[in-house]
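What follows is chain A paired twice: with chain B in the first complex and chain C in the second.
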Partner chain A sequence: MSAKPMTITRLSLYNLRGKPFRSGSLMAVVLILAFALFGGSVLSASLKNGLSALEGRLGADIAAVPLGYENSYQGIILSGEPVKFYFDKSIEQKIKKVDGVEKVTSQFYLSTLSADCCSVPVQIIGIDPNTDFVTKPWIAEVYHNELKDGQMIIGSDILPKKDNTLTFFNQKFTIVAKLEKTATGMDNSVFVNVSTVKSLAESAKQRGLGTNAEVQEADLENSISSVLIKTKKGIDLDTVATNIRRSVDGVSLVKSKNLFESFSNNLDIINSFVGIFSLALWILAALVLTLLFSVTINNRKKEFSVLRILGATRRKLAGAVLTESLILSITGSVVGILLSAIVIFPFSTLIGEQLGLPFLLPGVDDTLGYLLIAFLLAVVAGPLSAIYSAVKISRTETYVTLREGE
Partner chain B sequence: MAIAVKNITKEYKRGKRSFKAVDDVSLGLHPGDFIVIIGKSGSGKSTLLNIIAGLTYPTDGRVEADESNIFTLTDKQISRYRNQTIGYIPQGHSTLADLNVVDNVRLPFHLNGEKRISADKAEELLTRVGIHALAKNFPKHLSGGELKRVAIARALINDPEAIIADEPTSDLDKQTTAEVLTLLRSVAEGGKAVLMVTHDLDAVKYATRSFVMESGVLTEQKKEAVLYV
Partner chain C sequence: MKNRLFSGILFGVLGLLIAIGPQTVFHVCPVGDIPMKCHWTARAEIGLGVLIAISGILLLLFSKAQVRMGLSISLFFQGVLAFLVPNVLIGVCGGIHMDCHKLTQPVLTILSALIIIASAINGIYLYQIDKRRNDSNVR
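Coming up: the complex of A and B.
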């Protein structure tokens, strides 16, 4: 025999348990709301994070690549799509002399058609340690020394062998560090110094291993793939780009801001959509809950009039309605957020791929923040929607409700 | 005196016309009284009961409990009056469907914030009304008579001074009606004031005092001469 006091909370729990369909329907509304609020905010934040990570990794204001290869360059940055393109090394010095250019560095790209490390071809990026200003700041986060010949830093999606090495074109490389995930093409790239990548390319070329016409035809010693340019402060980017085009032939220029612009615009649209959708859903959920609570409470008039007859104050009656709505809201919110987390976190990579945008889940602190906000917004929807019914039932003449309830 | 009803009048408006559902009624409820009010539907007997319970406010008059007019009390105070001073047995089935029998009975005990354990007391009352075996059953599994016994046990849980019953035998067969009336009579004999309204003339046999209510006017009847058409 239960000996616990029959409090309003206990009474509410018994009521909810006694009407599983009614309770389930009300809870489902909050569940959907919490699912959408949490899922939407995490998705939105992940896209924002992805774009920030991409922005942070670029470092250069302008990238100069062989004429016609601007899309291939974007492929390296955004999706890690392996590419090989080369132009003459002298272009680096030509660009350096252009008015408005502060500093330049070059990179050399080589892709593997097959490797024992990965299920997909890998982009090998050769950096010039003497001039590099692009990768140095974020490589320094995981590795403080200069990259020596035969050493390699790998992106977060690359799986090393057990002995911490990787083999490319029959050459073994020691992995000295692994980068943090960025949700960009960098995650599927490896970084070596320029002399290593060139000797690797030369070796591959001589052995005919997995190389294509570009590699075969290139004078590898005097070739580079891209020149990354930092412009002087206060000088307009477009002006510098125009200056480069006038001074250097055979190059295509990719401006970082343009690279971002389309994504940034897409992201703004997605964020606006998520915001408007969340607000609309919240209002809709609140209206549906108001209606459901109103109908439900109306059907329970007799029950409330009995409580009043037995000595419940008006405040207690309102409290019973609000307690029930709070219990439903809390349960619905917890389940909704859990389901949302189950869908989003394990499948974040897939979601990112499907969206075709840089997708980087927020950190634990931010996630907890979104969780808390989604939880509070979803939880508050229940009691807020039940206020009207709670006030109405507590103000109604008991005698009248008893008669109506019969 | 447990409760004193003094010159209660309740007027309602029907269109432009007003009429008195209760007309200058005075009544005293004393310990041991089993007062039965007989009247037709619409005679004002349920309205009078609801006024005594503080559920409806009168147009005029007062109901005194502990020498205070209950209509001057705050909602919290009048709720406490309903919870502690009177035990109300509403018309029809008034149990909460989602609570089992014992929880229904002990519910009023906790409505005023009482935290003490009440299950033993509830079981004691269920034994007294003869349905202890049904303690864990839910109302949907109980007959009309059993539900009425639950309501009586529930009305007694806070040991009130008066029991007010609104047509407690209206939907019961003759034998169950007799059982319920006997039970209410025993409650009165136990020192409570019991006031019930009914259509059932047989109830008068169990009463210590009986009244007829017609057009809001309450008239006491000699036991052997109940005039009721």
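Coming up: the complex of A and C.
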């Protein structure tokens, strides 16, 4: 049997393996730190991404919806929660004439009770291609032609059939494009032109398929669900909203700025919390590790004295302590980041839903960046905490230490 | 003894989670008029989970390294099957916001991956022990 030379790394490995509980406890501290650092940074970045996606998709400054339906409208924007509410088409023209309004477009909402794509209700949004200024910019990213009758553009969470079609209320639609993921309600919506959605609603109404009282009672041909408004530059949003309220009855107004700001404030709070928590955890972990290393090295004084007698230099002893801490830190960081990834990535949809905020995971490049930062921050915590113990043990007098307690 | 106890309990718990979890803790979608894919996945996982749990108990009962190595190999393939059922063989519902898609599938994937990794490590560990024992007997 060939004997392997006793290098510092091998000595450290043997030491760590010899005391599994002690090594496990030290590693657990770094593991928790790495878990929190990586998890926190990815969560924070996902919320930031989600909010930018929401900001980019809002488009209109103000949305006018039937009285009392402002929460339902927010539901469409944020979670794609299917809704159907209607008011008279003439409201669009009335709002257009209001002072401070630059342009308007109307949308028509219909929801399905079950679709063969996913067996959950889907929001169908009918857009007016002639006036649309809200969806056009981001639909143009994936589809450059006009949306014709019988064609649809689907959100990223909608799964088409193999022949690239979807059937709603017994009518088959051809899918011409799929939008990119936005973490907003648009992911769970399909877009058609307004004449298609109205004929679909009419057909569903006649057959009594999945329609509610709103659909049954509405004069579909002369109805719309919302009017999206762009205000003139330089004019205060609140002034325009007041003008609309004075001129048009029976509408509730949802200001995009308010909708966005409420989330932006929440995000700021969450980001501050993640930052402070990460910093506090790092300091706490460093303190705990310093204490643990100090106690364990103190208990191993005799072991180090024997090593000194066997010929190990002071530098080697310090090296052994630092290598032990480095091995523990690397292992703890890798396991912590891995566990964090296992929790965050497969359950991102669930986390986003539970948070109730737009949640869009960062891209591969950004994720690798966060991984590297979390790894480095967690790894340095170990050796940094062990420096004091390493210096202390390398300065100890061998003879005195060995005779200690006699 | 330590290995027997640890591996037996680990696979027993993982097996039970795979068997019962999709019906309870990380449940699949409720059954409507027509049972969806996830319903059948949950049913298949009951059988697989019970099989994994029984293999775990057997690991606890048998002391011979070779028998336990055989059980680990069997557990490895049971883990592969438990992974394939929700991901390939049967699958879950398509909508990503559905319970089975956002919760059951990832949990089953993680649990079956744990079984695959743990059984592979256990098998290699037992193989090395058996080899070492044989080597020392030859000497």
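Criterion: the second predicted complex is superposed on the first by the 394 of 406 C-alpha atoms of A that agree within 3 Å, B and C clash if a C-alpha of one lies under 4 Å from a C-alpha of the other, contacts with A are read in each partner's own complex, and residues count from 1 in each chain.
By our rule, a contact is a pair of C-beta atoms (placed from the backbone, for glycine too) under 8 Å apart; a residue touches a chain by one contact, two chains touch by 3 or more.
Quick caveat: nothing in here was measured; it's all calculated off a predicted structure.
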Partner chain(s) touched by A:L291 [first = chain B, second = chain C, both, neither]: neither
Residue contacts with chain A in the superposition, chain B compared against chain C: B
Partner chain(s) touched by A:K19 [first = chain B, second = chain C, both, neither]: first
Touching partner for A:I276 - first (chain B), second (chain C), both, neither: neither
Which superposed partner A:L11 touches (first chain B, second chain C, both, neither): first
Partner chain in contact with A:T313 - chain B first, chain C second, else both or neither: first
Which superposed partner A:L159 touches (first chain B, second chain C, both, neither): second
Overlap of the chain B and chain C footprints on chain A, listed as residue numbers: none
Residues of chain C that touch chain A when the two form their complex: 32, 36, 93-98, 101-103, 106, 109-110
Complex contacts: residues of chain A adjacent to chain C: 117-120, 157, 159, 188, 342, 346-347, 349-350, 353
Residue ranges of chain A touching chain B (in the complex, touch as defined): 1-3, 5-7, 11, 14-15, 17-19, 302-303, 305-316, 397-399, 402, 406
Chain A contact footprint on chain B (complex, rising order): 47, 50, 53, 55-56, 75-76, 79-80, 82-84, 88, 90-92, 94-99, 102-103, 106-112, 114-119, 123, 135-136, 154, 158
